[in-house]
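Okay, so chain A shows up in both of these, paired with chain B first and chain C after.
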Partner chain A sequence: MNKIVVEGLKYKYPLSDTLALDDLSFQVKEGEFIGIIGKNSAGKSTLCQALVGLVPHFYKGAYGGKVFIDGLEVKNQTIADISLKVGMVFQNPFTQVTGSKMTVYEEIAFGLENIGIPRSEMIARIDYVLDLLKIEQVKDQNPFDLSGGQMQRMAIASIIAMKPDILVLDEPTSQLDPAGSEEVFQAIQSLSKQGITIILAEHKMEKVALYCHRVLLLDDGKMVDINTPGKIFSRGDLEQHGVAAPVYTRVCKELGVRKAGTSEFPVTLAEAESVLRGRKI
Partner chain B sequence: MIKVSDLSFSYRKGTPVLSGINLELDQRSTAIIGQNGAGKTTFVKLLKGLLKADEGDIFVNNHHVKETTAAELAKTIGLVFQNPNDQMFKRTVLDEVMFGPLNIKMDKQQAKENALMAIRMVDLQGKLDINPHDLSLSEKKLLCIAAIVAMDPDIIILDEPTIAQDHAGKEKIKQIIKALKDKNKLVMTIIHDMDFVAENFERTIVFNEGKVLLDGDTRQVFSQKDMLKKAHVEPPGITQLAEMLGIQETILTVEEFIHRNKEAARD
Partner chain C sequence: MKSISLYVDKESFIHDFDPITKLLYILFALFLPLILLSFTVSFISVGVSIVLLMAAGVIRKTIPVFSFVFLVLITVVIIQGLFRPENETILFQIGPLAMYKEGLLYALTITLRVMNIVSAFLILVLTTKPSDLVETLVRKGMSPRIGYVIVSVFQIIPEMMASMSTITDAQRARGMETEGKLSVRMKAFLPLLGPVILGALINTKERALALEVRGFNSHVPKTYLYEEKTHALSKWVQAILLLLLVGAGVWRIFG
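On to the complex of A and B.
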């Protein structure tokens, strides 16, 4: 079943004279894990915001085409209604903090209180996400006294606690340590396996290659391609679009080694290891 | 250039954030890596005199930090904040970058010259009159780097400069670090991107729970897999691949990997 349908989406921010999103069309199935990649200013964050309705409802501007979430057209819904289905983790966690709560615990509780989750359920969900994101030890700290990575973990925790059907994450692990980043990707993957639809904007190509079912490549607001990581990262014109393939793909391209029986290059550590094993190095 | 002895610090009594840190930092370009909450940002704020140590001493270019005014230190050591919103407060990009130089009493002409040069370095010359808050996150990070570079301090500390940068942005920051190093400045960078560490820094220091767990040549540090794991970091992707393929020495970059491959093919 298609969970998200985007048809000819065009968008221009107010006062801007170029399209930030230029005629995008694609569909996403329930439980799919989609990566959005592209250079800075390609339109990744704008597309994320179009899925949660901040574009156009909050930003205004010129809007054309259609975005459907579960069959409902985003343009005709309120941000509040969309937020019941779609949760978003913002690129800069700082902008996501309410500023009105004294502790991390209350900060995470805030969203749950707003949608009227019963107290016992609320406590269970908060305990779960504090543990999942490993921020149990700072739960009584003021959100603004957290380290950068802890704040980003809190931002992810607050949204996962809401249990949305669709999770939109805008570079959610940019400030996480390598182990934490890996854990978060695994947690997101497990949500996707439970049927939650994931849209993730990301510059960490190794993670996109390992975890995403399909990858949407944006450039200048236009969709260049949407395909499997293997197909996307094997494209010869990736650099022209300002994207560097995963390091594993780059070495294999350099050595001219493809995956057996295909025209694709390896995109993950395991794939690269398997094609290079046995070579004299 | 920096000497730290027996440094300890806590935000609240009873919960130490840093304890017993001893470090000497020289001109080698240096990366600081480690787990979220390990105390990396706290450490560099102490170096810059923004926080006061509970115990221990810090000397920056022979200034005893405890006894030096913030204004005096600002000429010597510059810190690019992890969160750009904590650093920016002017109305335009140009004013933001000129603020630091003017604040350390550089004359106006020189301040403007330095500012324009630093802005060109980060490729924001087309946005001089833009309000910094209207820039994207990656541009804000670059603006904050320019604001510190314009002050021309001997020591420049970058707190996670590559956040939100695409490939070209990282390349830009790489060039900036190199240019600063060529001018004999100490560049110290806190960072979670291990590939970037391997490609750009001679020395790597690993923080773990408020202490220094590892410190040495980057290659030597990335050869200690178990210790890295303890600190919630890991060797770069290419290093992991080389290791899985049974290569004995620690490979740090794609170039090294390819070079080795070609040598092997020739034998």
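On to the complex of A and C.
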């Protein structure tokens, strides 16, 4: 079943002359894990916000085409209604702190209070996300006293606690160290395995290649392609679109080794290893 | 994090009372002396508030507030003592300046009323978390948006001050003079305002987005993480305060 359907989506921010999103069309099935890649200002964040309804409801501006979430057209719903189905985590963790709660625990409860979750359920969900994102040890601290990485985990936890069917993440690991971002990706993957549909805008290509089922490549607001990581990262024109393939793929391209029986290059460490070990030196 | 709220985190039976009872106490302390118009009642009322502040263990925190209030009140005493139109009886004289009894008595009334209001307010402010107070009011029907604005100010102002000091450090690292004569300091202040204000505006936009996706404008009835704070004696205290007020009113009218 298609969870997200985008048909000919066009969008222009107010006071801007160029289209931020130019005629995008794609479908996402329930439970899929989609990566959105592209250079800076390619439209990744705008696309993410279009899925939650912030585009066009928050910004206004010129909007064309249709976005359906679970069969409901985003343009005709309010952000509050869409936010029950779609959760979104933004790039900057500092501005996602509401500022009205004194502890991390209460901060995570903020969204749950707004959508009317009963107290016992609320406590169970908060405990679950604190554990999932490994931030129990800071649950009584003030949200503003956290490090960037902890704040980012808290921001993700706050959204996951609201149990959306679809989770949209806009560079959720920008403030995290390699070990921290690996942990966050593992947490996101475990949600994906539970059947939650995930849309992730990210610059860390190795992670995108490893975790995403399909990858959407954007350039200047236009969709270049949506396909499996193997197909996307094996494209010859990636650099024209301002994207570098995962380092493993680049090595294998230089060496000219492809995955057995296909025209694709390996995109993950494991694939590259198995292909390269198979070769006689 | 530095907090701009005056709340003192302590354990006491005053802290245990709910904000509504404390609000009612403010009303009580405000109106009782106005209804009964007697020095004794005002004295008792101030005395009770101060005893409650001591019981809550926050009396030391009141000193800066009271000293500021006294600074204002001294001018009242001087001006009323010297120039009140009803002044007749000279109490004492310093050179050409005469202090009058009527003016001083009137100043004493004002001083007592101000002390009374300030001490009753301090009980609320020093022993109630701002977020608890707002949450209680939201439960009683205040708009959650107004509640959010009030509570977030307590965190976002210190946050802005922190970003201001970061920007100051950054400018200083690039060679800007920020210390020395007043004119130098004034000049240093201007280039700081741009980044601070623009940054605050951008942050506000992003925070608004984040609030939207967390259902801030949702029409579903709100639930709360914590149970409503009540004290076993709340109802009794509230009833006694109201009875005393009504009783005083009746006594004033018919007595």
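Everything below uses one rule, namely that the second predicted complex is superposed on the first by the 277 of 281 C-alpha atoms of A that agree within 3 Å, B and C clash if a C-alpha of one lies under 4 Å from a C-alpha of the other, contacts with A are read in each partner's own complex, and residues count from 1 in each chain.
Just so we're on the same page, contacts are C-beta pairs under 8 Å (C-beta built on N, C-alpha and C of every residue); 3 or more make two chains touch, one makes a residue touch a chain.
Since the structure is predicted, the reported quantities are computational estimates derived from the model, not experimental observations.
> Please determine, from the superposition on chain A, whether chain B and chain C clash or fit.
Result for chain B and chain C: clash.
> If we overlay the two complexes on their shared chain A, which of chain B and chain C does A:84 touch? Say first, second, both or neither.
second
> Is A:145 contacted by the first partner chain B, the second partner chain C, both or neither?
Both partners.
> Where does A:31 make contact in the superposed view: on chain B (first), on chain C (second), on both, or on neither?
neither
> Tell me the contact category for A:277 with respect to chain B and chain C: first, second, both or neither.
After superposition on chain A, A:277 lies in contact with chain B alone.
> Mind working out whether A:94 is in touch with chain B, chain C, both or neither, as first, second, both or neither?
In the superposed model, A:94 contacts both chain B and chain C.
> Looking at A:65 after the superposition, I want to know if it touches chain B, chain C, both of them or none. Which is it: first, second, both, neither?
Touch status of A:65: no partner.
> Is A:174 touching the first partner chain B, the second partner chain C, both, or neither of them?
After superposing on A, A:174 lies in contact with chain B but is clear of chain C.
> Following superposition on chain A, which residues of chain A contact chain B and also contact chain C?
92, 94, 145
> Help me check something: in the complex, which residues belonging to chain A touch chain B?
Chain A reaches chain B through residues 38-41, 45, 91-92, 94, 138, 145, 147-150, 153, 171, 174-181, 203, 206, 242-244, 246-248, 250-251, 254-255, 269, 272-273, 276-277, 279-281.
> Going by the contact rule at the top, pick out the chain C residues touching chain A in the complex.
Contacts found on chain C: 1, 129, 131, 144, 147-148, 151-152, 155-156, 158-159, 203, 206-225, 227.
> Going by the contact rule at the top, pick out the chain B residues touching chain A in the complex.
11, 33-37, 41, 82-83, 85, 136-139, 159-160, 163-169, 192, 194-195, 229, 232-234, 236-238, 240-242, 244-245, 247, 254, 257-258, 260-261, 264-265, 267
> Help me check something: in the complex, which residues belonging to chain A touch chain C?
Chain A reaches chain C through residues 49, 52, 54, 58, 78-80, 83-84, 86-88, 90, 92, 94-102, 105-106, 109-119, 122-123, 142, 144-145, 155, 158-159, 162.
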